[in-house]
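Consider the two complexes below, in which chain A is the common component and chain B and chain C are the respective partners.
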Partner chain A sequence: MKKKLRVETLVFILPALLIIFFFMFLPMVESFTASFHSNTDASKFVGLKNYIELFKDPVFINFESIKVGKQPYGALINSIIWIVIHLPLSMFLGLMCALIMIRLPRVHFLRSMIFLGMVIPGVITGVVTQFLFEKSSGMVSNFFGMIGVVSLYKSWFAYADTALLALILTSVWVWTGYSMIVFLSALSAIPDSFIEAAVLDGANIFQVFWFIKLPLLKNSISTVVVMSIINELTSFDIVYSSTYGGPGGASNVLGLQMYLESFRYSNFGTGAAIATVMTLIATIPIYFNVRNTVKK
Partner chain B sequence: MRKNGIWLLVFLCIGMCSFPLLAQGKKENVVTLKMIAPWADKEFEGFKPVIEKFELENPGIKIEYRTGKPEDVATILSTQFSVGKTPADIIDTAWPWYIVQEAQKGNLLAIDDVVNPADFREGSLDQLMVDGKTYGVTSVGGLTIPEFNASLYRDNNLTDPRDVKSLDELLALMNQVQALPGVKAAVGTGGGVGWTNTSVIETWIVAFGGREMYMNLIAGKQAWNSKEVKQVLSTYLLPWLEAGLFGEPEEVSIVTENMWRNQYGFFVGGTTDSLRFNNPPGDYAIFALPGQKDVVMWSDYWFIPAYTEHPEEAKKLLAFLSTEGQAIQVKGGGRIATNLNVPLENYPPQEQMIMKVVGNYGIVPDMDDTIGGKFQTVMWDQLKLLWSDPSMRILDSVLNAIESAAIETRASSK
Partner chain C sequence: MQKSLSKKRQLEYNLLLIAGITLAALWLLPLVGVLMASLRPYSEIIDGWWRFDEFNISLKNYKFVLFETTIPMVRPLFNSLFSSFLGALIPAMFGTMAAYAFTRHKLPGKMVVTIVILCLMAIPGQMLAIPVFKRINSLGLLDTYTGVILMNTVTSLPWIMFFMMNVIKSQSISIEEAARIDGASEYGVFLHVVLPQSVPALSSILILQFVWSWNSFFWPLIIIFDMNKLMATQVIPMLRGQFYTNWGALSAAALLVMGIPILVFLSFQRTFIQGSVGFADEK
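Up next, the complex of A and B:
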């Protein structure tokens, strides 16, 4: 019986395993191998040369700019900045939206509007946000102009100090919808009896959130963190269609740099090295997420 | 009844299965050539008659047109070429360096047998040759030159930029323009990837550094961070940027439209911009900077991938596109032929005016399109930095970055 169950299980997971093997695992191995080969001759093994060159390239990481604290910091640092700002902001806003939405009746339209950012292709989002942050007609820059913040009354994408921030804020708008939906479904799954019991015990709204809801949202938070980090690391379309990494590399990110190296400069070895670095960074949260899941 | 129904079903199935075969048999003698070029909307309207004429003259060949920008097409081609395939039989690109790069890898077809170099400006096909063979041919193009709406100057009793004799005079005029109500800035700045700033740099270098400096920069005989180049840009361009005469960047189509609405004194664009305006005749105008002797002319290029299944038909189409096709396409306006045999009468009045201006100047090729590769994207990007933070410090770092990208690009193309 047990053996039959094992065979059945194998039969059911085999198609998925085959797809993962051929379309994910093999290309990953291929890409990893390519990162140790020459840009000009794909058959020539060059060891760690591509990685060494990468870390020497100011476009990837600019130690001089980091020292003086002025953009461009390089694609690696910009991607890290992206994660550091984007992740907590999109999660916080998504959670707030979910907590509000779950208490309001008949707000499907509003929910859809917040989720809309996820449905719009990234390239379109990039183009649209160019207008949002533009000096003459942009809502964001004009808002700051109106409240007297002159330093932000400008075309954000044109300046090294604001270009990356504009992209991150755009991405936050897009991803808030995603975290909101995940948190909404998790909040809906919390039995009312838990909350009622806490209220009967005298817990206020913040205590209910802190001691009841938040611990029960742990799995959802973990999912949102992993998905967001993967998205943040692979950010490409918004950057490509709005700033192209500029000005002067101030909004360049790993996804764009990988594309440029591979497909614009035909440096497949360097492109593969960047892909490997991205995979390594993404592996950290994925590892913790999987470990938590397996523990349960 | 049921039996009849089954028979009907069988006949229907046979009919449906045989229909594609019949249709295929009928189409057997028709070759479909796939073509990729960047034109869409109004620009494609100007190109459509070319396709129609070719199909009319060659009933055995049909053309399937797809729009594709060079950067997007290059991405697709790199993966397709690596497995010996091509998404199209004939492709248009703005980059001569790309043709050379792919020809060196054996991905393109030599087209010497269908192209006559005497039809084109002397030496213009040289940049498309590898080991003595030609792998591409010039298509239509345009000029990179300051363009403006003459009504802005006429209505405000200002000197027409065409009549300005010195750079100081032009600077004074632009300060006057900048002060006009409703004017955002004296000069428009294009946003997006940043190629529009390249047009400014090219124009300033060819005007104030001269033809020799310009051509030497392309050939790698002059360094970008050399004293001479730095002097040209710091003396003639930096003061304009520091004084805020260049406006905030706007998307290219918007900045040109705003220039046309008299919100900018001029914009260094391409003569194809004229297609965007519904203008009263004569108000669209171009001018060269004081002392400028040469103008930058860019063009597109056609090439045939080596993996085409219809090489003869593709060559036939390429021959048509580079000769008669150009003569038809320029009638739609906005473009200038590179084929010397296209008569002036074929152009609409506006382009006839441009052609007459071209006659007074020497022609230099588009710099970033010619060098290409990493140089191109780095130049686009770095100039955006100079525009947003104009200072000697940034100019130095920008020129250093461009020079190292130029060195790297030249090294990788060897």
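Up next, the complex of A and C:
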């Protein structure tokens, strides 16, 4: 009886396990080892050489430019800038949208309109970036022209100081929808009686938000933080289809540099080293994600 | 007193409604712009699509990108449709089977399995790219739809398993046991008890994964080179010239490629939104 059950269990789990083992688990280990092997001869162990060269490569991190405070800072710094600007902005906007939309349950399609950006392919988001920030036909650059900010009335992605920002802002446009729906699902779980009781005790809307809603949103905030960091760290599609890292590497990010090194220049060792750095950064949010989920 | 309170509430609601509509309209504007650029001649939108001094609508750009360019879009759209369908169905099937065994069968280290799945869900695709490329090449799957479908399966299995483990856990075990007492085999229990109960969850997985497979770009870019086998997302960067971009054609192509996911989303809004929250947040 027990043995029979075992065979059936294997039938159920083997397809998934084999696929995950050969195309996820093993590749992870292989990437890690490849990062310690030579670019030209994959069987030659070179220790930390790929990593050392990487940190000497201005395309990856450009210490000279950082000192001067002018792009290109390099892919690593650009990816970090991306997360630092993107995360608070998209989370704040998402929370704002959620607090408004939770009061408008009868016009459900309004939330769908804000979520629409999350539904479309990343390569299209790249097209949207170009379309928003083009000088003559772009809405954003024309808006700045209209209100008299001449320095931003230009094709953002053609200039080193604004190219990355254009990508980040479009990405905020996309991810606001995600943080909105996560916050909405948490807000709708708060019983009305909590809020009514507080209002009866004389709390104003800011107090209701600060003392009742915000503490109950803690889990959602960590979900949004983790998911956004992982996605922004690996962003590739939007950059590839709009600026391709340009001009002069000013909007280069880790995902793009990893692709170029590996699949354009065939430097598999360097590519694997970049991927390993990305994974190392990702372990921080992954750790928090695992801890939160297991605690529940 | 009562009346003024309800009046105040009405005013508050109206203000919120205006804020909500403004935000939604603002978020929709970029896509409206793409739509306008795809429908109107370039000369009209070059100084901004929001100028309507001249207003002519034609489907010329769509005809151009669908049939007349160097890479007619009809074929890539069909390729994407076909491989996204299988790229959702296959992982949904394997993922549900595994989730059932992990939830209901006696297996050691369930906690470990959950933790491993959670980690795999968040591993950057770049970490897999080089070895996967080599393996797919050595299996002879480079430049095949099978390769793309395989990678859609690989990358989605972890979240589908995670999702389905939660769904099956929440289902009552007593029906399964009753079926077993009536002499049903394990496969019978899975096919006739677990699967029918999971239909709502499975349909939301299929909807989400279809769209995500359709939207995927990194793996097709690495796997497919043959002009006849391109996925729809791959065509978009190719339409962008280095020095000159035909905005009309580019926006028409963009609209065709995002049209399918948008249609799927609009038809299943609630399922889609609940699923997107659920796979990350469900207990």
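Assume the second predicted complex is superposed on the first by the 266 of 296 C-alpha atoms of A that agree within 3 Å, B and C clash if a C-alpha of one lies under 4 Å from a C-alpha of the other, contacts with A are read in each partner's own complex, and residues count from 1 in each chain.
Note that contacts are C-beta pairs under 8 Å (C-beta built on N, C-alpha and C of every residue); 3 or more make two chains touch, one makes a residue touch a chain.
Remember, predicted model here, so these are calculated numbers, not experimental data.
Partners chain B and chain C, once the complexes are superposed on chain A, run into each other and clash.
Using the contact criterion defined above for the overlaid structures, shared-chain residue A:250 touches chain B, although it does not reach chain C. In the superposition on chain A, contact of A:111 is made with chain C only, not with chain B. After overlaying the two complexes on the shared chain, residue contacts for A:195 are found with neither chain B nor chain C.
Looking at the shared chain after the overlay, A:28 reaches chain C, while chain B stays out of its contact range.
In the superposed model, A:152 lies in contact with neither chain B nor chain C. Contacts of A:160 after superposition: chain B is touched, whereas chain C is not reached. Touch criterion met: A:136 reaches chain B and chain C at once. Touch criterion met: A:285 reaches chain C, while chain B stays clear of it.
Note on chain A: of its two partners chain C and chain B, the one contacting more of its residues is C.
By the document's definition of touching, of the two partners only chain C reaches A:12; chain B does not.
Only one of the stretches 81-89, 207-215, 261-269 or 369-377 in chain B has C-alpha atoms clashing with chain C after the fit on chain A, and that stretch is 81-89. Annotation: chain A residues 130-131, 136, 259, 262-263 touch chain B in one complex and chain C in the other. The touching residues of chain A, when paired with chain C in their complex, are 5, 8-9, 11-13, 15-17, 19-20, 22-28, 30-31, 34, 97, 100-101, 103-104, 107-124, 126-128, 130-132, 136-137, 139, 142, 170, 173, 176-178, 181-182, 185, 219-220, 223, 226-227, 230, 233-234, 236-237, 240-241, 254-255, 258-259, 262-263, 268, 271-272, 274-276, 278-279, 282, 285-286, 289-290, 293-294, 296.
Put simply, chain C touches chain A in their complex at residues 13, 16-17, 19-21, 23-25, 27-31, 33-34, 37, 45-50, 94-95, 97-98, 100-102, 105-107, 111, 114-115, 118-120, 122-133, 135, 150-151, 153-154, 157-158, 161, 185-187, 190, 211, 214-215, 217-218, 221-222, 233, 236-237, 240, 245, 247, 250-251, 254, 257-258, 261-262, 264-266, 269-270, 272-274, 276-277, 280-281, 283. Across the interface of their complex, chain A is touched by residues 71, 74-75, 78, 101, 184, 191-194, 248-251, 373-374, 377, 380-382, 384-385, 387-389, 398, 401, 412 of chain B. Only residues 40, 130-131, 134-136, 154-155, 157-160, 244-250, 259-260, 262-266 of chain A touch chain B when the two sit together in their complex.
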